[in-house]
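Handing you this structure, nothing more for now.
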Amino acid sequence: MHVTLKHAQQAIDAARKKAEELDLKMCIAVVDSGGNLKAFERMDDAWVGSIDIAFKKAKTACFFGMATGELGKLSQPGEPLYGIEVSNDGLVTFPGGVPIVDDEGYLVGAVGASGSTVDNDHKVAEAAVKVLGVTELPEHPWRT
Amino acid sequence: MHVTLKHAQQAIDAARKKAEELDLKMCIAVVDSGGNLKAFERMDDAWVGSIDIAFKKAKTACFFGMATGELGKLSQPGEPLYGIEVSNDGLVTFPGGVPIVDDEGYLVGAVGASGSTVDNDHKVAEAAVKVLGVTELPEHPWRT
Amino acid sequence: MHVTLKHAQQAIDAARKKAEELDLKMCIAVVDSGGNLKAFERMDDAWVGSIDIAFKKAKTACFFGMATGELGKLSQPGEPLYGIEVSNDGLVTFPGGVPIVDDEGYLVGAVGASGSTVDNDHKVAEAAVKVLGVTELPEHPWRT
Amino acid sequence: MHVTLKHAQQAIDAARKKAEELDLKMCIAVVDSGGNLKAFERMDDAWVGSIDIAFKKAKTACFFGMATGELGKLSQPGEPLYGIEVSNDGLVTFPGGVPIVDDEGYLVGAVGASGSTVDNDHKVAEAAVKVLGVTELPEHPWRT
(Lines give C-alpha, C1' and ligand atoms only; values in the text may rest on other atoms or scores of the structure.)
Protein backbone atom coordinates (compact mmCIF):
# COMPACT_ATOMS: atom_id res chain seq x y z
CA MET A 1 0.00 0.00 0.00
CA HIS A 2 1.27 3.41 -0.96
CA VAL A 3 0.31 6.94 -0.04
CA THR A 4 -1.85 8.45 -2.81
CA LEU A 5 -0.97 11.65 -4.60
CA LYS A 6 -4.03 13.28 -3.06
CA HIS A 7 -2.77 12.46 0.43
CA ALA A 8 0.76 13.50 -0.46
CA GLN A 9 -0.53 16.87 -1.65
CA GLN A 10 -2.55 17.30 1.55
CA ALA A 11 0.54 16.48 3.59
CA ILE A 12 2.68 18.98 1.70
CA ASP A 13 0.00 21.68 1.98
CA ALA A 14 -0.19 21.12 5.73
CA ALA A 15 3.59 21.22 6.02
CA ARG A 16 3.83 24.44 4.05
CA LYS A 17 1.06 26.02 6.15
CA LYS A 18 2.86 25.04 9.37
CA ALA A 19 6.14 26.39 7.96
CA GLU A 20 4.51 29.70 7.07
CA GLU A 21 2.95 29.87 10.54
CA LEU A 22 6.43 29.44 12.08
CA ASP A 23 8.03 31.76 9.46
CA LEU A 24 10.26 29.02 8.09
CA LYS A 25 11.58 28.22 4.59
CA MET A 26 11.31 24.49 4.06
CA CYS A 27 11.91 21.62 1.71
CA ILE A 28 9.18 18.99 2.12
CA ALA A 29 9.36 15.51 0.61
CA VAL A 30 6.84 12.66 0.60
CA VAL A 31 7.89 9.11 -0.28
CA ASP A 32 5.76 6.01 -0.76
CA SER A 33 6.17 2.75 1.15
CA GLY A 34 9.07 1.79 -1.14
CA GLY A 35 10.95 4.94 -0.23
CA ASN A 36 10.43 6.35 -3.71
CA LEU A 37 9.61 10.04 -4.15
CA LYS A 38 5.90 10.83 -4.46
CA ALA A 39 5.83 14.62 -4.10
CA PHE A 40 8.20 17.43 -3.23
CA GLU A 41 8.24 21.19 -2.73
CA ARG A 42 11.03 23.65 -2.01
CA MET A 43 9.71 26.94 -0.63
CA ASP A 44 11.30 30.11 -2.01
CA ASP A 45 14.53 30.95 -0.13
CA ALA A 46 14.79 27.49 1.41
CA TRP A 47 18.33 26.08 1.53
CA VAL A 48 19.36 24.21 -1.59
CA GLY A 49 21.14 21.75 0.69
CA SER A 50 17.80 20.84 2.25
CA ILE A 51 16.46 19.20 -0.91
CA ASP A 52 18.48 16.05 -0.41
CA ILE A 53 18.09 16.11 3.36
CA ALA A 54 14.29 16.34 3.20
CA PHE A 55 14.20 13.42 0.78
CA LYS A 56 16.65 11.34 2.81
CA LYS A 57 14.71 12.01 6.02
CA ALA A 58 11.55 10.73 4.37
CA LYS A 59 13.41 7.73 2.97
CA THR A 60 14.98 6.96 6.34
CA ALA A 61 11.66 7.21 8.21
CA CYS A 62 10.10 4.89 5.65
CA PHE A 63 12.96 2.38 5.53
CA PHE A 64 12.88 1.80 9.28
CA GLY A 65 9.29 2.72 10.15
CA MET A 66 10.28 5.25 12.78
CA ALA A 67 10.86 8.98 13.17
CA THR A 68 14.42 9.84 12.10
CA GLY A 69 15.23 11.30 15.51
CA GLU A 70 14.68 7.85 17.05
CA LEU A 71 17.20 6.32 14.70
CA GLY A 72 19.59 9.16 15.54
CA LYS A 73 19.67 8.11 19.18
CA LEU A 74 20.70 4.60 18.13
CA SER A 75 23.45 5.77 15.77
CA GLN A 76 25.55 7.97 18.05
CA PRO A 77 29.14 6.91 18.76
CA GLY A 78 29.05 3.83 21.03
CA GLU A 79 25.41 3.07 20.26
CA PRO A 80 24.24 -0.07 18.42
CA LEU A 81 23.67 1.47 14.98
CA TYR A 82 26.71 3.73 14.90
CA GLY A 83 27.53 4.60 11.29
CA ILE A 84 24.22 3.48 9.78
CA GLU A 85 23.92 6.81 7.95
CA VAL A 86 26.37 5.72 5.25
CA SER A 87 24.15 2.78 4.23
CA ASN A 88 21.35 2.96 1.66
CA ASP A 89 23.12 5.65 -0.38
CA GLY A 90 22.89 7.91 2.65
CA LEU A 91 20.41 8.17 5.51
CA VAL A 92 19.60 11.21 7.64
CA THR A 93 19.40 10.36 11.32
CA PHE A 94 18.33 13.61 12.93
CA PRO A 95 14.72 14.77 13.44
CA GLY A 96 12.45 15.83 10.59
CA GLY A 97 11.39 12.51 9.07
CA VAL A 98 8.11 10.87 10.14
CA PRO A 99 6.39 7.72 8.80
CA ILE A 100 2.85 7.82 7.41
CA VAL A 101 0.60 5.00 8.61
CA ASP A 102 -2.90 4.44 7.28
CA ASP A 103 -5.93 3.66 9.46
CA GLU A 104 -5.41 -0.08 9.07
CA GLY A 105 -1.88 0.21 10.45
CA TYR A 106 -0.06 -0.05 7.15
CA LEU A 107 3.11 1.97 6.62
CA VAL A 108 2.22 3.74 3.38
CA GLY A 109 5.05 6.26 3.15
CA ALA A 110 6.86 9.01 5.03
CA VAL A 111 7.38 12.75 5.13
CA GLY A 112 10.71 14.56 5.46
CA ALA A 113 11.17 18.27 6.21
CA SER A 114 14.37 20.28 6.27
CA GLY A 115 15.14 23.98 6.50
CA SER A 116 15.37 25.09 10.11
CA THR A 117 16.32 23.63 13.49
CA VAL A 118 15.68 19.93 13.83
CA ASP A 119 12.87 20.67 16.28
CA ASN A 120 11.15 22.87 13.75
CA ASP A 121 11.78 20.38 10.99
CA HIS A 122 10.10 17.70 13.09
CA LYS A 123 7.11 19.95 13.83
CA VAL A 124 6.61 20.58 10.13
CA ALA A 125 6.87 16.90 9.22
CA GLU A 126 4.51 15.97 12.03
CA ALA A 127 1.97 18.56 10.86
CA ALA A 128 2.14 16.98 7.41
CA VAL A 129 1.45 13.49 8.71
CA LYS A 130 -1.24 14.57 11.20
CA VAL A 131 -3.45 16.03 8.51
CA LEU A 132 -3.84 12.50 7.19
CA GLY A 133 -5.28 11.53 10.55
CA VAL A 134 -2.91 8.63 11.12
CA THR A 135 -0.91 9.56 14.16
CA GLU A 136 -1.48 6.37 16.10
CA LEU A 137 1.29 4.01 15.07
CA PRO A 138 1.03 0.27 15.76
CA GLU A 139 3.97 -1.77 17.06
CA HIS A 140 6.63 -2.99 14.71
CA PRO A 141 6.55 -4.85 12.35
CA TRP A 142 4.87 -2.40 10.08
CA ARG A 143 2.85 -3.99 7.37
CA THR A 144 3.70 -2.61 3.96
CA MET B 1 17.24 33.99 -11.33
CA HIS B 2 15.23 30.99 -10.29
CA VAL B 3 11.66 29.84 -10.95
CA THR B 4 9.43 30.58 -7.93
CA LEU B 5 7.45 27.95 -6.07
CA LYS B 6 4.22 29.56 -7.23
CA HIS B 7 5.27 29.18 -10.86
CA ALA B 8 6.53 25.67 -10.26
CA GLN B 9 3.14 24.72 -8.77
CA GLN B 10 1.31 26.26 -11.74
CA ALA B 11 3.54 24.32 -14.09
CA ILE B 12 2.91 21.03 -12.30
CA ASP B 13 -0.85 21.67 -12.14
CA ALA B 14 -0.89 22.32 -15.89
CA ALA B 15 1.16 19.20 -16.55
CA ARG B 16 -1.14 17.04 -14.42
CA LYS B 17 -4.20 18.46 -16.14
CA LYS B 18 -2.73 17.74 -19.57
CA ALA B 19 -1.80 14.22 -18.43
CA GLU B 20 -5.36 13.58 -17.20
CA GLU B 21 -6.73 14.91 -20.46
CA LEU B 22 -4.57 12.41 -22.36
CA ASP B 23 -5.28 9.67 -19.79
CA LEU B 24 -1.62 9.32 -18.78
CA LYS B 25 0.17 8.57 -15.49
CA MET B 26 3.11 10.93 -15.18
CA CYS B 27 6.04 11.99 -13.07
CA ILE B 28 6.57 15.74 -13.36
CA ALA B 29 9.69 17.55 -12.08
CA VAL B 30 10.57 21.24 -11.96
CA VAL B 31 14.16 22.38 -11.40
CA ASP B 32 15.57 25.89 -10.87
CA SER B 33 18.30 27.51 -12.98
CA GLY B 34 20.98 25.58 -11.09
CA GLY B 35 19.33 22.27 -11.96
CA ASN B 36 18.20 21.77 -8.35
CA LEU B 37 14.75 20.29 -7.67
CA LYS B 38 12.02 22.84 -6.95
CA ALA B 39 8.84 20.73 -7.08
CA PHE B 40 7.82 17.21 -8.05
CA GLU B 41 4.73 15.04 -8.33
CA ARG B 42 4.22 11.39 -9.21
CA MET B 43 0.67 10.59 -10.24
CA ASP B 44 -0.87 7.42 -8.84
CA ASP B 45 0.13 4.37 -10.90
CA ALA B 46 2.95 6.22 -12.69
CA TRP B 47 6.11 4.17 -13.20
CA VAL B 48 8.58 4.28 -10.34
CA GLY B 49 11.34 4.33 -12.96
CA SER B 50 10.00 7.63 -14.25
CA ILE B 51 10.92 9.54 -11.09
CA ASP B 52 14.59 9.74 -12.00
CA ILE B 53 13.88 10.21 -15.69
CA ALA B 54 11.55 13.17 -15.09
CA PHE B 55 14.17 14.79 -12.87
CA LYS B 56 17.03 14.11 -15.29
CA LYS B 57 14.98 15.45 -18.22
CA ALA B 58 14.40 18.69 -16.31
CA LYS B 59 18.09 18.85 -15.35
CA THR B 60 19.19 18.20 -18.92
CA ALA B 61 16.88 20.86 -20.38
CA CYS B 62 18.17 23.32 -17.80
CA PHE B 63 21.85 22.44 -18.21
CA PHE B 64 21.84 23.03 -21.98
CA GLY B 65 18.96 25.47 -22.37
CA MET B 66 17.15 23.32 -24.90
CA ALA B 67 14.42 20.69 -25.14
CA THR B 68 15.89 17.27 -24.40
CA GLY B 69 14.75 15.91 -27.75
CA GLU B 70 17.01 18.41 -29.50
CA LEU B 71 19.99 17.12 -27.56
CA GLY B 72 18.94 13.59 -28.44
CA LYS B 73 19.30 14.28 -32.15
CA LEU B 74 22.87 15.41 -31.57
CA SER B 75 23.85 12.41 -29.45
CA GLN B 76 22.95 9.51 -31.77
CA PRO B 77 25.77 7.19 -32.90
CA GLY B 78 27.91 9.08 -35.39
CA GLU B 79 26.50 12.45 -34.34
CA PRO B 80 28.62 15.15 -32.66
CA LEU B 81 27.54 14.60 -29.05
CA TYR B 82 27.40 10.78 -29.06
CA GLY B 83 27.76 9.55 -25.48
CA ILE B 84 26.94 12.86 -23.75
CA GLU B 85 24.34 11.08 -21.58
CA VAL B 86 27.00 9.62 -19.29
CA SER B 87 28.15 13.10 -18.24
CA ASN B 88 26.65 15.13 -15.40
CA ASP B 89 25.73 12.05 -13.35
CA GLY B 90 23.42 11.01 -16.15
CA LEU B 91 21.44 13.02 -18.67
CA VAL B 92 18.24 12.02 -20.45
CA THR B 93 18.39 12.86 -24.13
CA PHE B 94 14.95 11.90 -25.41
CA PRO B 95 11.90 14.21 -25.44
CA GLY B 96 10.08 15.33 -22.28
CA GLY B 97 12.33 18.06 -20.88
CA VAL B 98 11.68 21.72 -21.70
CA PRO B 99 13.43 24.87 -20.40
CA ILE B 100 11.52 27.64 -18.62
CA VAL B 101 12.46 31.17 -19.71
CA ASP B 102 11.11 34.29 -18.05
CA ASP B 103 9.81 37.33 -19.93
CA GLU B 104 13.22 39.02 -19.78
CA GLY B 105 14.83 36.06 -21.53
CA TYR B 106 16.43 34.50 -18.49
CA LEU B 107 16.61 30.74 -18.19
CA VAL B 108 15.00 30.26 -14.76
CA GLY B 109 14.54 26.49 -14.69
CA ALA B 110 13.08 23.55 -16.58
CA VAL B 111 10.30 20.96 -16.52
CA GLY B 112 10.70 17.22 -17.09
CA ALA B 113 7.86 14.76 -17.65
CA SER B 114 8.05 10.98 -17.91
CA GLY B 115 5.46 8.22 -17.96
CA SER B 116 4.27 7.55 -21.50
CA THR B 117 5.62 7.77 -25.05
CA VAL B 118 8.23 10.46 -25.56
CA ASP B 119 5.77 12.42 -27.68
CA ASN B 120 3.25 12.44 -24.85
CA ASP B 121 5.97 13.25 -22.33
CA HIS B 122 6.96 16.25 -24.41
CA LYS B 123 3.33 17.42 -24.70
CA VAL B 124 2.93 17.30 -20.95
CA ALA B 125 6.18 19.18 -20.29
CA GLU B 126 5.29 21.75 -22.91
CA ALA B 127 1.87 22.30 -21.33
CA ALA B 128 3.62 22.91 -18.02
CA VAL B 129 5.93 25.55 -19.45
CA LYS B 130 3.26 27.24 -21.59
CA VAL B 131 1.08 28.06 -18.60
CA LEU B 132 3.86 30.37 -17.42
CA GLY B 133 3.48 32.32 -20.66
CA VAL B 134 7.13 32.09 -21.59
CA THR B 135 7.11 30.10 -24.77
CA GLU B 136 9.14 32.52 -26.87
CA LEU B 137 12.75 31.56 -26.30
CA PRO B 138 15.60 33.93 -27.19
CA GLU B 139 18.74 32.76 -28.99
CA HIS B 140 21.60 31.23 -27.04
CA PRO B 141 23.29 32.30 -24.83
CA TRP B 142 20.63 32.06 -22.19
CA ARG B 143 21.18 34.45 -19.36
CA THR B 144 21.05 32.70 -15.98
CA MET C 1 21.41 35.58 -9.09
CA HIS C 2 24.85 34.11 -9.63
CA VAL C 3 28.37 35.35 -8.98
CA THR C 4 29.97 36.62 -12.22
CA LEU C 5 33.22 35.26 -13.63
CA LYS C 6 34.86 38.64 -13.02
CA HIS C 7 34.00 38.46 -9.33
CA ALA C 8 35.01 34.82 -9.14
CA GLN C 9 38.41 35.67 -10.62
CA GLN C 10 38.85 38.54 -8.15
CA ALA C 11 37.98 36.19 -5.31
CA ILE C 12 40.48 33.58 -6.46
CA ASP C 13 43.21 36.18 -6.96
CA ALA C 14 42.64 37.48 -3.43
CA ALA C 15 42.70 33.96 -2.04
CA ARG C 16 45.94 33.10 -3.83
CA LYS C 17 47.54 36.33 -2.62
CA LYS C 18 46.53 35.59 0.96
CA ALA C 19 47.84 32.03 0.61
CA GLU C 20 51.20 33.29 -0.70
CA GLU C 21 51.37 35.79 2.14
CA LEU C 22 50.89 32.93 4.63
CA ASP C 23 53.21 30.63 2.60
CA LEU C 24 50.45 28.08 1.92
CA LYS C 25 49.61 25.82 -1.03
CA MET C 26 45.89 25.96 -1.62
CA CYS C 27 43.02 24.73 -3.71
CA ILE C 28 40.41 27.46 -4.14
CA ALA C 29 36.92 26.89 -5.55
CA VAL C 30 34.10 29.31 -6.34
CA VAL C 31 30.54 28.07 -6.91
CA ASP C 32 27.42 29.95 -8.02
CA SER C 33 24.13 30.12 -6.11
CA GLY C 34 23.16 26.68 -7.39
CA GLY C 35 26.34 25.15 -6.00
CA ASN C 36 27.76 24.67 -9.51
CA LEU C 37 31.49 25.33 -10.10
CA LYS C 38 32.32 28.77 -11.49
CA ALA C 39 36.12 28.93 -11.12
CA PHE C 40 38.90 26.87 -9.55
CA GLU C 41 42.65 26.95 -9.03
CA ARG C 42 45.09 24.50 -7.49
CA MET C 43 48.39 26.11 -6.54
CA ASP C 44 51.54 24.17 -7.38
CA ASP C 45 52.31 21.57 -4.69
CA ALA C 46 48.85 21.80 -3.12
CA TRP C 47 47.40 18.47 -2.01
CA VAL C 48 45.49 16.59 -4.69
CA GLY C 49 43.05 15.59 -1.95
CA SER C 50 42.17 19.23 -1.45
CA ILE C 51 40.53 19.60 -4.86
CA ASP C 52 37.36 17.85 -3.77
CA ILE C 53 37.44 19.37 -0.29
CA ALA C 54 37.69 22.93 -1.62
CA PHE C 55 34.76 22.28 -3.95
CA LYS C 56 32.66 20.60 -1.27
CA LYS C 57 33.38 23.42 1.20
CA ALA C 58 32.13 25.96 -1.33
CA LYS C 59 29.09 23.80 -2.10
CA THR C 60 28.33 23.35 1.61
CA ALA C 61 28.62 27.09 2.36
CA CYS C 62 26.31 27.80 -0.56
CA PHE C 63 23.77 25.09 0.23
CA PHE C 64 23.22 26.30 3.81
CA GLY C 65 24.16 29.98 3.53
CA MET C 66 26.72 29.78 6.33
CA ALA C 67 30.43 29.29 6.91
CA THR C 68 31.23 25.57 6.95
CA GLY C 69 32.72 25.79 10.43
CA GLU C 70 29.33 26.86 11.78
CA LEU C 71 27.74 23.76 10.34
CA GLY C 72 30.56 21.70 11.84
CA LYS C 73 29.62 22.79 15.35
CA LEU C 74 26.08 21.53 14.76
CA SER C 75 27.13 18.17 13.34
CA GLN C 76 29.37 16.81 16.12
CA PRO C 77 28.30 13.59 17.88
CA GLY C 78 25.33 14.39 20.09
CA GLU C 79 24.61 17.66 18.29
CA PRO C 80 21.45 18.27 16.25
CA LEU C 81 22.88 17.74 12.76
CA TYR C 82 25.16 14.77 13.49
CA GLY C 83 25.82 12.87 10.28
CA ILE C 84 24.70 15.62 7.88
CA GLU C 85 27.98 15.26 5.95
CA VAL C 86 26.77 12.14 4.16
CA SER C 87 23.91 14.04 2.52
CA ASN C 88 24.17 15.95 -0.75
CA ASP C 89 26.81 13.61 -2.22
CA GLY C 90 29.12 14.65 0.59
CA LEU C 91 29.43 17.89 2.54
CA VAL C 92 32.52 19.26 4.27
CA THR C 93 31.69 20.57 7.72
CA PHE C 94 34.98 22.02 8.93
CA PRO C 95 36.17 25.61 8.32
CA GLY C 96 37.22 26.91 4.92
CA GLY C 97 33.91 27.53 3.14
CA VAL C 98 32.31 30.99 3.16
CA PRO C 99 29.16 32.25 1.37
CA ILE C 100 29.26 35.20 -1.04
CA VAL C 101 26.43 37.69 -0.59
CA ASP C 102 25.85 40.62 -2.93
CA ASP C 103 25.05 44.17 -1.78
CA GLU C 104 21.32 43.54 -2.04
CA GLY C 105 21.57 40.62 0.36
CA TYR C 106 21.35 37.85 -2.22
CA LEU C 107 23.38 34.70 -1.75
CA VAL C 108 25.16 34.55 -5.12
CA GLY C 109 27.69 31.79 -4.47
CA ALA C 110 30.44 30.65 -2.13
CA VAL C 111 34.19 30.14 -1.84
CA GLY C 112 35.96 27.05 -0.52
CA ALA C 113 39.66 26.80 0.35
CA SER C 114 41.64 23.72 1.35
CA GLY C 115 45.33 23.01 1.80
CA SER C 116 46.47 23.86 5.32
CA THR C 117 45.00 23.98 8.82
CA VAL C 118 41.30 24.72 8.95
CA ASP C 119 42.07 28.11 10.47
CA ASN C 120 44.31 28.99 7.55
CA ASP C 121 41.78 27.59 5.09
CA HIS C 122 39.12 29.84 6.60
CA LYS C 123 41.42 32.90 6.43
CA VAL C 124 42.05 32.29 2.76
CA ALA C 125 38.35 31.81 1.95
CA GLU C 126 37.46 34.90 3.94
CA ALA C 127 40.06 36.96 2.07
CA ALA C 128 38.47 35.80 -1.18
CA VAL C 129 34.99 36.87 -0.16
CA LYS C 130 36.08 40.16 1.42
CA VAL C 131 37.59 41.47 -1.79
CA LEU C 132 34.07 41.50 -3.24
CA GLY C 133 33.06 43.93 -0.49
CA VAL C 134 30.15 41.87 0.72
CA THR C 135 31.09 40.89 4.22
CA GLU C 136 27.92 42.10 5.92
CA LEU C 137 25.56 39.17 5.77
CA PRO C 138 21.82 39.63 6.36
CA GLU C 139 19.82 37.27 8.54
CA HIS C 140 18.49 34.03 7.11
CA PRO C 141 16.61 33.44 4.88
CA TRP C 142 19.10 34.23 2.18
CA ARG C 143 17.45 35.25 -1.01
CA THR C 144 18.74 33.26 -3.98
CA MET D 1 55.59 15.99 -14.47
CA HIS D 2 52.55 18.17 -14.15
CA VAL D 3 51.39 21.37 -15.82
CA THR D 4 52.13 24.35 -13.54
CA LEU D 5 49.47 26.77 -12.36
CA LYS D 6 51.16 29.49 -14.39
CA HIS D 7 50.82 27.44 -17.57
CA ALA D 8 47.27 26.43 -16.68
CA GLN D 9 46.35 30.10 -16.26
CA GLN D 10 47.95 30.96 -19.62
CA ALA D 11 46.02 28.14 -21.23
CA ILE D 12 42.72 29.29 -19.77
CA ASP D 13 43.39 32.92 -20.74
CA ALA D 14 44.11 31.82 -24.30
CA ALA D 15 40.97 29.68 -24.37
CA ARG D 16 38.81 32.53 -23.07
CA LYS D 17 40.32 34.93 -25.62
CA LYS D 18 39.60 32.50 -28.46
CA ALA D 19 36.06 31.98 -27.14
CA GLU D 20 35.44 35.74 -27.04
CA GLU D 21 36.84 36.07 -30.55
CA LEU D 22 34.34 33.44 -31.75
CA ASP D 23 31.54 34.90 -29.57
CA LEU D 24 31.18 31.71 -27.52
CA LYS D 25 30.35 31.02 -23.87
CA MET D 26 32.66 28.31 -22.63
CA CYS D 27 33.65 26.14 -19.72
CA ILE D 28 37.40 25.52 -19.76
CA ALA D 29 39.15 22.94 -17.60
CA VAL D 30 42.83 22.10 -17.17
CA VAL D 31 43.93 18.84 -15.54
CA ASP D 32 47.40 17.66 -14.60
CA SER D 33 49.05 14.45 -15.77
CA GLY D 34 47.07 12.50 -13.16
CA GLY D 35 43.78 13.75 -14.58
CA ASN D 36 43.19 15.87 -11.47
CA LEU D 37 41.73 19.37 -11.84
CA LYS D 38 44.32 22.17 -11.92
CA ALA D 39 42.25 25.19 -13.03
CA PHE D 40 38.76 25.89 -14.30
CA GLU D 41 36.62 28.77 -15.51
CA ARG D 42 32.98 29.02 -16.54
CA MET D 43 32.27 32.10 -18.61
CA ASP D 44 29.08 33.99 -17.79
CA ASP D 45 26.07 32.47 -19.58
CA ALA D 46 27.92 29.25 -20.40
CA TRP D 47 25.82 26.10 -20.01
CA VAL D 48 25.85 24.64 -16.53
CA GLY D 49 25.94 21.20 -18.15
CA SER D 50 29.29 22.06 -19.72
CA ILE D 51 31.12 22.14 -16.39
CA ASP D 52 31.29 18.39 -16.12
CA ILE D 53 31.81 17.90 -19.84
CA ALA D 54 34.79 20.28 -19.97
CA PHE D 55 36.37 18.48 -17.03
CA LYS D 56 35.67 15.02 -18.45
CA LYS D 57 37.07 16.02 -21.84
CA ALA D 58 40.30 17.12 -20.17
CA LYS D 59 40.39 13.95 -18.09
CA THR D 60 39.75 11.77 -21.13
CA ALA D 61 42.44 13.48 -23.22
CA CYS D 62 44.87 13.03 -20.35
CA PHE D 63 43.97 9.42 -19.55
CA PHE D 64 44.58 8.24 -23.11
CA GLY D 65 47.05 10.85 -24.37
CA MET D 66 44.98 11.79 -27.37
CA ALA D 67 42.41 14.35 -28.48
CA THR D 68 38.94 13.24 -27.37
CA GLY D 69 37.65 13.25 -30.95
CA GLU D 70 40.15 10.51 -31.82
CA LEU D 71 38.80 8.33 -29.04
CA GLY D 72 35.30 9.07 -30.28
CA LYS D 73 36.05 7.45 -33.64
CA LEU D 74 37.12 4.28 -31.84
CA SER D 75 34.07 4.11 -29.58
CA GLN D 76 31.24 4.22 -32.13
CA PRO D 77 28.94 1.17 -32.40
CA GLY D 78 30.90 -1.66 -34.00
CA GLU D 79 34.27 -0.06 -33.31
CA PRO D 80 36.92 -1.53 -30.97
CA LEU D 81 36.29 0.71 -27.95
CA TYR D 82 32.50 0.79 -28.14
CA GLY D 83 31.10 1.76 -24.72
CA ILE D 84 34.37 3.03 -23.22
CA GLU D 85 32.60 6.23 -22.11
CA VAL D 86 31.03 4.51 -19.12
CA SER D 87 34.47 3.63 -17.66
CA ASN D 88 36.48 5.88 -15.37
CA ASP D 89 33.40 7.43 -13.80
CA GLY D 90 32.48 8.76 -17.23
CA LEU D 91 34.56 9.81 -20.23
CA VAL D 92 33.62 12.27 -22.96
CA THR D 93 34.51 10.97 -26.40
CA PHE D 94 33.63 13.85 -28.70
CA PRO D 95 35.97 16.73 -29.66
CA GLY D 96 37.06 19.45 -27.23
CA GLY D 97 39.72 17.70 -25.14
CA VAL D 98 43.41 18.03 -26.07
CA PRO D 99 46.52 16.77 -24.25
CA ILE D 100 49.29 19.13 -23.13
CA VAL D 101 52.81 17.92 -23.89
CA ASP D 102 55.92 19.70 -22.69
CA ASP D 103 58.99 20.36 -24.85
CA GLU D 104 60.65 17.17 -23.70
CA GLY D 105 57.68 15.13 -24.88
CA TYR D 106 56.12 14.54 -21.47
CA LEU D 107 52.35 14.46 -21.16
CA VAL D 108 51.86 17.04 -18.40
CA GLY D 109 48.08 17.47 -18.51
CA ALA D 110 45.18 18.29 -20.78
CA VAL D 111 42.62 20.96 -21.60
CA GLY D 112 38.88 20.45 -22.06
CA ALA D 113 36.45 22.99 -23.51
CA SER D 114 32.67 22.76 -23.76
CA GLY D 115 29.95 25.25 -24.67
CA SER D 116 29.36 25.26 -28.41
CA THR D 117 29.61 22.90 -31.37
CA VAL D 118 32.27 20.23 -30.99
CA ASP D 119 34.30 21.93 -33.72
CA ASN D 120 34.31 25.19 -31.79
CA ASP D 121 35.03 23.37 -28.56
CA HIS D 122 38.07 21.77 -30.18
CA LYS D 123 39.29 25.12 -31.54
CA VAL D 124 39.11 26.66 -28.09
CA ALA D 125 40.93 23.75 -26.44
CA GLU D 126 43.57 23.78 -29.15
CA ALA D 127 44.13 27.53 -28.68
CA ALA D 128 44.66 26.85 -24.98
CA VAL D 129 47.30 24.21 -25.61
CA LYS D 130 49.05 26.10 -28.43
CA VAL D 131 49.86 29.08 -26.22
CA LEU D 132 52.11 26.75 -24.26
CA GLY D 133 54.07 26.10 -27.46
CA VAL D 134 53.82 22.34 -27.27
CA THR D 135 51.79 21.36 -30.26
CA GLU D 136 54.17 18.74 -31.64
CA LEU D 137 53.19 15.48 -29.95
CA PRO D 138 55.56 12.48 -29.89
CA GLU D 139 54.40 8.93 -30.56
CA HIS D 140 52.74 6.91 -27.83
CA PRO D 141 53.72 5.92 -25.17
CA TRP D 142 53.55 9.31 -23.57
CA ARG D 143 55.96 9.72 -20.72
CA THR D 144 54.23 11.04 -17.61
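Observations on the model:
As written, the chains take the letters A, B, C and D, and residue 1 is the first residue of each chain.
By definition in this document, a contact is a pair of C-beta atoms (placed from the backbone, for glycine too) under 8 Å apart; a residue touches a chain by one contact, two chains touch by 3 or more.
Model, not experiment: these values are computed from the prediction.
Listing every chain that touches subunit B and subunit C alike gives A, D.
In the CA-based superposition of subunit A onto subunit C, the rotation angle is 90 degrees, rounded to steps of 5.
Among the other chains, the CA centroid farthest from that of subunit D is the one of A. Centre-to-centre separation of subunit A and subunit B, using mean CA positions: 27 Å. One finds 44 Å separating the Cα centroids of subunit A and subunit D. Multi-chain contact residues of subunit D (touching two or more other chains) are listed as 48.
If you sketch which chains touch which, the pattern fits none of the simple shapes: not an open path, not a single ring, not a star, and not all-to-all. Pairs of chains in mutual contact: A-B, A-C, B-C, B-D, C-D. Taken together, the subunit C residues at the contact with subunit B in this complex read 1-2, 32-36, 144. Listed in rising order, the residues of subunit A touching subunit C in the complex are 25, 45-50, 52-53, 56, 72, 75-77, 85-86, 90-95, 117-118.
Partner subunit D is touched in their complex by these residues of subunit C: 4-5, 8-9, 34, 36-44, 48, 51. For subunit C in complex with subunit A, the touching residues are 33-35, 60, 62-65, 77-78, 80-84, 86-89, 91, 140-144.
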